[in-house]
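Sharing a structure, written as structure tokens. Questions coming.
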């Protein structure tokens, strides 16, 4: 079981790096969608016996992370002219390297945090942290509003991964709350992104610097 | 019925005296009259209470619980408070009467009501400061006083210079307040409560910290150099009766604070007294030196206030030294001189500011060098001014001399006469005092000569007019005060003895009268007056038979003298300014004369405040220039903002440590 | 009772959204506000109403915040009517609805005794306030909203991660994972330290972002600057208080877990940093609404600092939540009026407000004096108590630094405020249509009076409430 | 006995002063190889001036008349505060030394004001110089008084001035010498003699005292001249007490002794005036600073 779990997690890490490495926004979104879909399966692996609760967690997660939100983004992307992230703050290569470094850091940092026997051996914590960091890298190095939203999504994915540690112990309500909340959050952000698009005829957040000291 | 309730009622009357006016129209004089009536009622009631308390020889106190932890609404009136209460009740009352003529509501619809409101509030707050016996209450009263003074002084806030002066005052007073916050917080930390009661014992360093905090915090208000920066501007730009109250009474609140704290603190380190003496000496000499350099009449008066505060500080320093070295006589003379000078200064400085108000009203300028010859137009004002000026120069037989005389004798005592132990170095302060006296004479001769004597230097002075009675009466009252105290200082000595007991926490071993022959001083004063009168009469007799011709002033054969040929105030003070230029750093603006037929040339000199204009302002400007450079941290780039979050998270994680 | 307090505003929001009239709709706000305040007072008065469900408990801390939020909303709601009168041209359906939902969610925060639920609620505040900030639909307001949402969401995401860490901290020690406050407090001493520390940092950063602690405050000046005054007041007085409540919860847990030393070190650092950054950015600030935002940053710093000083300063800190909330209301609402009257919020155009708007201008000035800690106003008492606390805790250096920063803030803020209120207004500024009306001035005056009251005489019930809150924090209910 | 002394004291104070002026001018004349005016010339002048009428400038006020009067009153009172000859002063009390010093301040205040009252630039210059130099001579005087107080252990002029019986004991001799030099300079400055000021010149630009009294005429001028001479006597007497504290303790010996001393002092002043030139105006402060330093060092020497 743990091996399968870890393989998935490693794939997730790879997807992070891929997301960092590609420049076409569509493919970034697709990557994250795949990541989300993959993650939504995790609960099934963690539960020894498949419960209704777990199933209830999986379905909406899959729907949200895999389909709805990416769909909205691509929809938002449709009426934007530019298709690729023009010159990120740091180039694609460096950001991939940064991502790799972040992964290493995550592995080191995870050793500081003791795990219960049930979770020992699983790569959950390092993956979670690495994904969060990957999200941060996307957020801080990309200029397109959409890409930043994607970064936020990756961030949420990382948190979701960590949530897996608790998924059996925690009452479902939190999970649901999280998903609902994530959904609404991304939803509102996408609305604003559209507004930005209409108002500025661009998604380049570098245009949004009229408010400063 | 506790007399303190009456006193509180009086304070409330003062505080709300301006309120009815605010409800009336902006041009109705009624509001102002009501305000003055309320001020008068409150002040008289207050004076009655103080008199009653002093006669009864009691020290009533009152303490009610209120909202704050470890703090009570505690007020009390002991001789020290009573001493400072009296000017608080007298000067603002006279000020508001003076205001009836000086700041007519009808002529100042824009700010008259506001001024009235804060004028009353200022008086009330000062009274509360003096009787407060609880740290928090004291702070509240203190800040209300400071803010009320700010709003009263910036009545004409549509003028840029008024705004600037007010802003400097506000910053200075706020710094002072912050020091007082620290002071009372430490006090509470050391004694366990905010109650301001003597008899606590402190570790030495705690006592010293408290003393230093008090010295700085209250020094800002009192105007000790170099904390005086706010004083000249604020006094110059405030309406004159506000300046009178600020200079005459509000500065004394700073003095009161120092007196009170030193009374509360146990006998401290040996250097407290000398430090205060040195600061006082420096303040007085520097203050009066700066005063001589001024062209703005009210700035000049403000600097002379600084000088007088310095003199008071010397007295306190002597008293502290005496208390520390167990010389009751030094304490008696130092404290007595200081306290008496507090009264005297509030009398003659208010008088002088009232005069200045009348003069400025008449001449439409504050520039001394534009005035002149006002004696002919304002004879009464001039006569009253002469009294005030002579008094502030500590000339016998007026009140200024009485207080400085006490201080002198005290300082001379430190020589260690007749074999008793002494601290002769301290007596050097007497020399500083003497120098101050001589400079003061120079300063006020300059004012008297340039403002009142000679012939008008400008048009406006030409048709100035005597102010109305409501403005003259307060001045006359204050002048009488100066003369009476000057001739019969013995009368107030019982109060001094009582104050001594409060401050030194043991009764005075010997009365002031026993220590110094004030009676003989009165005799000498009366002798002087008699002598002068006799000579005056005899001269009259002689002149009755002689013929007295009128003519133009002898001008060495110059055909057509004009007013502008007179020696100006600046030129009168110039030689002294040059003498003290190491301290004053005067600025000269002159255009050189060139060629056989030089073009018209002008010379101008002014004395900026060394501390403010050469130290503080440049400092502020520099910081103001470099701080905004930090703005680059916030350039509106969202991803940079997110980066901040990441960084701070990592820093906290690493710095905090996992602590496993 | 919880449900009443939470769902009444939401219900009213639905109703208001339903009715068509742009003119009548705003009146729903005061109705809601008054009703909510009344319910709040009833709840505070009667001890048996404070538990509505396992997760919905109103402890003293919640009571305090609820009181602040409800009072502030009540005052602002009347102001909002007056404000929307001047903005008839804009549809206000979304605005009114969101404002009321906002109140409901904030009530939820105060009641929530389940950290997950509380987190959801706080995220909720982020979402409903976005449209409020976006009310003007200008490019600048879009930008402000975007930054508010993105930075806020990132912060809140970290808070979620922190919450999970906390849950795992209890799970790790073999207890069943729980996020109910009681559950965690029960086993607090047994929580696994590394997870607890990590979660505290994440929660501090996360909720600190919502509070606007430097350097996570970057959204604040933009959002406060672009939002209408009434929204600014609710953000600065409401949201920040709620976020601070969240932080209090974590502090409570760490305190119970015996981690006070570790926690206070970080809190002191963040508090000092926030005060310093705020004061630096206030110096020479030309935009008086942004200046208010920085003042808010500064006071969040003071709160955190007080928390970091610990037990001796807790009373002052709790009091400061109240005084800061109310005073911020005064400042933002009056600033809103001035902005409306001059059509600008830069000190280059705005001067002579005291002559142009006697009421708002004066209230703005007095509010400034109050917030900078001048006696006799409320903030003085709270800040002074914090200073006393610092000295009692033996942190004299911190105390001195605190005073120094207060001075810098006073100078920076005062320069701007005095520019605004003093002097003479320009001709065109004098001829703009806006005048002080009862609805736009009276609520501010009432808030100001409350601030003054707290400064002169703290009502015994409030004192009792604060004392309870402090005792509750120190774990001795 | 005291009555006699009192009468003598007042008589000397009132009558003697002009004679000093006479002696000084006589000495100067003698140095200049002239016969010079009779010793009693100053009395004749005063009498003549008293008989004259006077001219008042139209710009003046009562201050102009008050100046001379108050000056005279103050110097006379000062004269009553100091012991003349070997006898107590009529008015003596602890701290009268300060009154003594400040009486001159009062006189200065009104003299200079009276000068400014005329609105003439020259009198302005005179007043400016007067008040400026006073700022240096006053502290010098106080240093001297402090030395005397310390030496005599008293704050009463009578005791202080008659005190220094042990004047020639080693430890106080040096300070006393120093302050007597300082006092002499102060005396010259306060009484407007060469090298500080020249009472005979009439070049307005270069004068102090004479410049201030340009406009006074007739009786007022006589009052001024008389007051100046009284001032000379008073300060001279103080100086004498310091430099020549001899006394026999017998009335019929001490008064003559005093007369000899004071006239001798006048002669010395005359000599100084004859052998020295007047300093440039801008150098006068240095001279006075010198006096200040002498007295200051005297004090430091004493208390060290």
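Structure notes:
Labels for the chains are A, B, C and D, by order of writing; each one numbers its residues from 1.
By definition in this document, a residue touches a chain if its C-beta (ideal position, glycine included) is under 8 Å from a C-beta of that chain, and two chains touch if they have at least 3 such contacts.
The shown structure was predicted, so the numbers you read here are calculated from the model rather than taken from an experiment.
Considering the contact criterion stated above, the chains in touch with chain A and with chain B alike are C.
Across the structure, the highest number of inter-chain C-beta contacts is found for B-D. Chain centres were defined as the mean of their Cα atoms; on that basis the chain farthest from chain D turns out to be A.
Of all chains shown, B has the CA centroid lying nearest to the centroid of every protein CA atom. For the pair chain A and chain D, the distance between mean C-alpha positions equals 101 Å. Inter-chain centre distance (chain B to chain C, centres taken as mean C-alpha positions): 43 Å. With centres set at the average Cα position, the gap from chain A to chain C is 31 Å. Computed from the mean C-alpha positions, the centre of chain C lies at a distance of 78 Å from the centre of chain D.
Multi-chain contact residues of chain A (touching two or more other chains) are listed as 112-114, 139, 148, 205, 208, 210-211, 213. Shown for chain C are the residues in touch with two or more other chains, namely 143, 146-147, 150, 154, 194, 198, 221-222, 281. Under the contact definition stated at the top, the residues of chain B that touch 2 or more other chains are 628, 631, 633-634, 636, 638, 642, 653, 658, 660. Looking at which chains touch one another, you get A-B, A-C, B-C, B-D.
Across the interface of their complex, chain C is touched by residues 66-69, 110, 136, 139-140, 142-144, 147, 154, 157-158, 160, 163, 166-167, 170-171, 174-175, 177-178, 181-182, 185-186, 188-189, 623-624, 627-628, 630-631, 633-634, 636, 638, 641-642, 644-645, 647-649, 652-653, 655-660 of chain B.
Those residues of chain D lying in contact with chain B across their complex are 50, 52-61, 63, 65-66, 69-70, 72-74, 76-77, 80-81, 91, 93-96, 98-99, 101-103, 105-106, 108-109, 112-113, 116-125, 127-129, 131-132, 134-135, 138-139, 141-143, 146, 149-150, 153-155, 204, 214-215, 218-220, 223, 285, 296, 302-303.
Chain A contributes residues 89, 109, 112-114, 133, 136, 139-143, 148, 205-206, 208-213 to its touches with chain B in the complex. Within the complex, the chain B residues that touch chain D are 372-373, 375-376, 379, 382, 386, 389-390, 393-396, 401, 404-405, 408-409, 412-413, 415-419, 424-425, 427, 430-431, 434-435, 437-439, 441-442, 444-446, 448-450, 453-455, 516-517, 520-521, 523-524, 527-528, 531-532, 535-536, 539, 542-543, 546-556, 561, 563, 565-567, 571-576, 579. Residues 116-117, 119-120, 123-124, 126-127, 130, 134, 139-140, 142-147, 149-150, 153-154, 157, 160-161, 164-165, 167-168, 171-172, 174, 176-177, 179, 192, 194-195, 198, 221-222, 225-226, 281 of chain C touch chain A in their complex.
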